[in-house]
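Okay, structure first, notes after.
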């Protein structure tokens, strides 16, 4: 196999990886916030439910969650699914799973905002919603950024799990090349592509960190 | 290596090379019944493993069945961490990479569809979603350079998966239309659900299994030794017995193809 | 108990009209009124039966030694903490109800309404670190009161000007000196047009000139009808700025009355002693 | 296969998973701290080196890192390795990989300690080492706990990657049973075991969080 | 310039012996001495050519309006920030060297030695939140100075007693009132036996009685030979506690001298004006 063919295969897989990555971020970043807010809610049943949600989704392998999402419609509800469904199942599972991880990070960030900030907002008459959106959230963003970095970088590589449902992302392409070509070269290239992706993420993160550096408390 | 390695005829002598210490480390994919898998009692079992055990019994070797990650098989073999790959291991297309024994078993690749499917023959698969295991012989046959390349191109989509168990679930739930698979593996996975799945009469191809060793002098020598032992097992009838033992999982002595000694 | 008697006697000198639902529409009610307030921390009562009121246009200072409960009282008045027992009114608005165990219970609705009536300048300011000075001042009037942004900003500029902060309008709090931060906190509270304005240590970070300014500003606000409550340990400031002073000692108001009267002729021996050390 | 046999297999795999889990924690928690300190060091070359270390180890798949550690001795140095080596390689890779993730969490925790704390310590004459050990670290522990929770829970499940080097941990056992028994039961049981493990971890974490709740800033 | 002249004239009234390596062993050197100090923040110079010294046993207060640079000066004196230019001595220890560009350079070694000579009570205390009051006070003497834990604790108990904190010894800072926290910070600094002790707003959270105590304690410490530097906006306190007062205005010491002299008869018009507003 020549280098061009190999790169072609890897990059076609990379496209899928990036789609999973992007959709997961776009979906789980806000969803995680809702989960975190539910988790911190004073309405006990909601809080406990969210605690259970977080616990189960963090506590069981993502691969099994994908199986559950993918095969539940047929095995539980008797609904036939089609060829597009595995990708949809992958995306749903990833979004939900990462929302659970993000929720825990948000929770710690929200709890770390000094009480004085809430008190000032309360006295000024901000509603809980306004307090959250205007006072808490912008400060939380700054605080959770490093922990988010870890998860986002993990997500890049977790996209390889999509193969469990037959979705051909980059790592699986690399694996196929490795087994058929009997050299680890494709893995090395894949690792490089992952790394470059993570470097870009790190760069973006650092950029945001810098932009938020205009203040400290 | 040395020239005295033609001990294949007697079948009782052990390989006298420095790197082989009598521990016959058999690398296999434990997700590949009926050749190698976890038996009901939790120990490794399967047609190939039983066969290897018989060889080791003859040679006085110790069989060490070692499940491996398929990704690492070449690296493990080359670095000596496993002695051979013996696991329904197709020779065709791999001749350059390994020191193989002569083929001992014929295998065919078949297509499984749901019993209710309108697919009756291979040509009906045009435009359908077909799935097969990553790095499988079936995939080789259907992709570029394979003997059924044209058929593969006619599919709507040729997907891969890491585990046939998942593939069957996908077939059942409608996410794919057909599975390209080794015949015995198909029989094993269909099990008693014969009313739900159907194997097309038309084969994709036929090919052969061998035992793969590292492509070194030592490896070639071991391959010869094992080959001779297999011939001996065939002549004493052990091979046939084993085939019958796994008959309900799609193995048949009709497919045994090792030339007599 | 003699002290309690003296306290009662003193309190009766300044009879407060007790609010009552039937007269809730009548003007002349105190802007804030608390009666029989109690508060404990992990079993230890730090406020015992505290009563206090501030009328419109009046400046009342709570003074007393460290640990007396001044900040606690202020936190409860601003609904950041809750009294265990007692009645709290903002104007005609009753904030606490008494439940069957005699404990104070707070309704959400009344609390929310009450919050629109007061502002507070915190001892450690609690500015929003991610907002510029301008935004700190303008955000709540715009977002909470729904006022016209342009007008709010115009007014904010005037307030900042008056507090000598004009050149810092675009800085964030951590770029300001202590005194500058405190003045931003004052500006933020003023921009909300509160009826009652509380200060926790009004002048703790202000130099004498700014302290004098603050006194003037407070008097002006009071003249415009605002009720001002301050907690302070600066006796000079308390005397100068206040109409009335309440002396809090170990969680009890042991003396209360016109500033000069309480500070020049305290009836309670402990108050005398406290003020004496403060002067020598 | 009867239930007892299945549980026996899963639990024997679980033993391996737990060993990997425990060794990784014991090794990477302190190692990550050293990396974080190097990363924050004012000595630029060290800081850059640690940045590279973190970037590469977070940026490439753990599986490939295991391959590298496992096959390096043979392919680079020509040393034959023995049957115990895969497990050793797994442990080394896990410790190093998780150290990189932990380092980033520590870094954010260390950076979030208010400047006033450093200033007070500086004026009191604490050495950097003392400042770190007595003032910063105890406060960092409280701050990083929630983010650590995410990583520790991920680690439980990441042990399944050990199979890439042929180490038979629980998930691989479950997969093998699923294949041979043609039912998902083993996966469900494995998921349950993972979840219970994570519940225990969450419980321990919450316990530590509570113990550190005696103060807030 | 007239102001500069006046300043020079005033400074010469209190001639400070300029430290010199050859006389470094001679007693009578000021405990801290800074000359020609400059400091800019992003291009804006907030300290211009500031010189100041504090002798052993002397209490010197820096006063001046908000934003004058008082906190900045204190931060640089305590090596939390660095002067851009200028000479800084602690006793005979020269802390800054002048580099070829005329900028101040700090050696690690000298800085470390200097730190053993001073303590500071921060305006916002900076207590260690995870330590109890007792541990806050005892940790550094034991860990940094290697003193005997039992003796340190004994002494800490006395200090806490003196500051009225005995009953709070086992609390953590966030369970204390503002004044209590500040006193813990004072106790923490005292336990280190500094030769120079700085206060940023010594009394900002203290009630009059505690302020009086503080004044007494500071005088006692000075009598024992400690050099005390305070930054404060409370003129009364500055006058009462200080031997000498330096008036900082827009980053310049415009007037300096004995407390009564400067505060009763300031020569600089702006100082006069500032003090006048503070008194009316």
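Letters A, B, C, D and E mark the chains as written, and numbering starts fresh at 1 in each.
In this section, contacts are C-beta pairs under 8 Å (C-beta built on N, C-alpha and C of every residue); 3 or more make two chains touch, one makes a residue touch a chain.
Listed by chain with UniProt protein names: A, D = Amino acid ABC transporter permease; C, E = Amino acid ABC transporter ATP-binding protein.
No experiment lies behind these values; they were computed from the predicted model shown.
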{"item": "Shortest path length from subunit D to subunit E (each step joins two touching chains)", "value": "1"}
{"item": "Chain located farthest away, centre of subunit D as origin (C-alpha)", "value": "C"}
{"item": "Centroid comparison with subunit A (C-alpha atoms), farthest chain", "value": "E"}
{"item": "Between subunit B and subunit D, centroid-to-centroid distance (C-alpha), Å", "value": "37"}
{"item": "Centroid distance [mean C-alpha coordinates] between subunit C and subunit B, Å", "value": "85"}
{"item": "Centroid distance [mean C-alpha coordinates] between subunit E and subunit A, Å", "value": "52"}
{"item": "Contacts with two or more other chains, residues of subunit C listed in rising order", "value": "124"}
{"item": "Residues within subunit D bordering two or more other chains", "value": "67, 114, 216-217"}
{"item": "Where subunit B touches two or more other chains at once, by residue number", "value": "71, 75, 163"}
{"item": "Pairs of chains, among all present, that meet the touch criterion", "value": "A-B, A-C, A-D, B-D, C-E, D-E"}
{"item": "Interfacial residue positions of subunit E with respect to subunit D in the complex", "value": "78-80, 112, 115-116, 118-120, 122, 124, 126-130, 139-140, 143-145, 172-174, 188, 192"}
{"item": "Sites on subunit D touched by subunit B in the complex", "value": "1-2, 5-6, 8-9, 63, 67, 71, 74-75, 80-81, 83, 85-86, 163-166, 168, 172-173, 175-180, 182"}
{"item": "Interfacial residue positions of subunit B with respect to subunit D in the complex", "value": "30-33, 37-42, 66-69, 71-72, 75-76, 79-81, 163-165, 168, 189, 191"}
{"item": "Complex interface listing, subunit D residues touching subunit A", "value": "55-56, 58-62, 64, 67, 101, 104-105, 107-108, 111-112, 114-115, 143, 145-147, 149-151, 153-154, 156-157, 160, 171, 184, 187-188, 190-191, 194-195, 197-199, 202, 216-217"}
{"item": "Contact set on subunit C toward subunit E in their complex", "value": "63-67, 71, 123-124, 164, 177-180, 183, 201, 204-213, 233-236, 274-275, 277-280"}
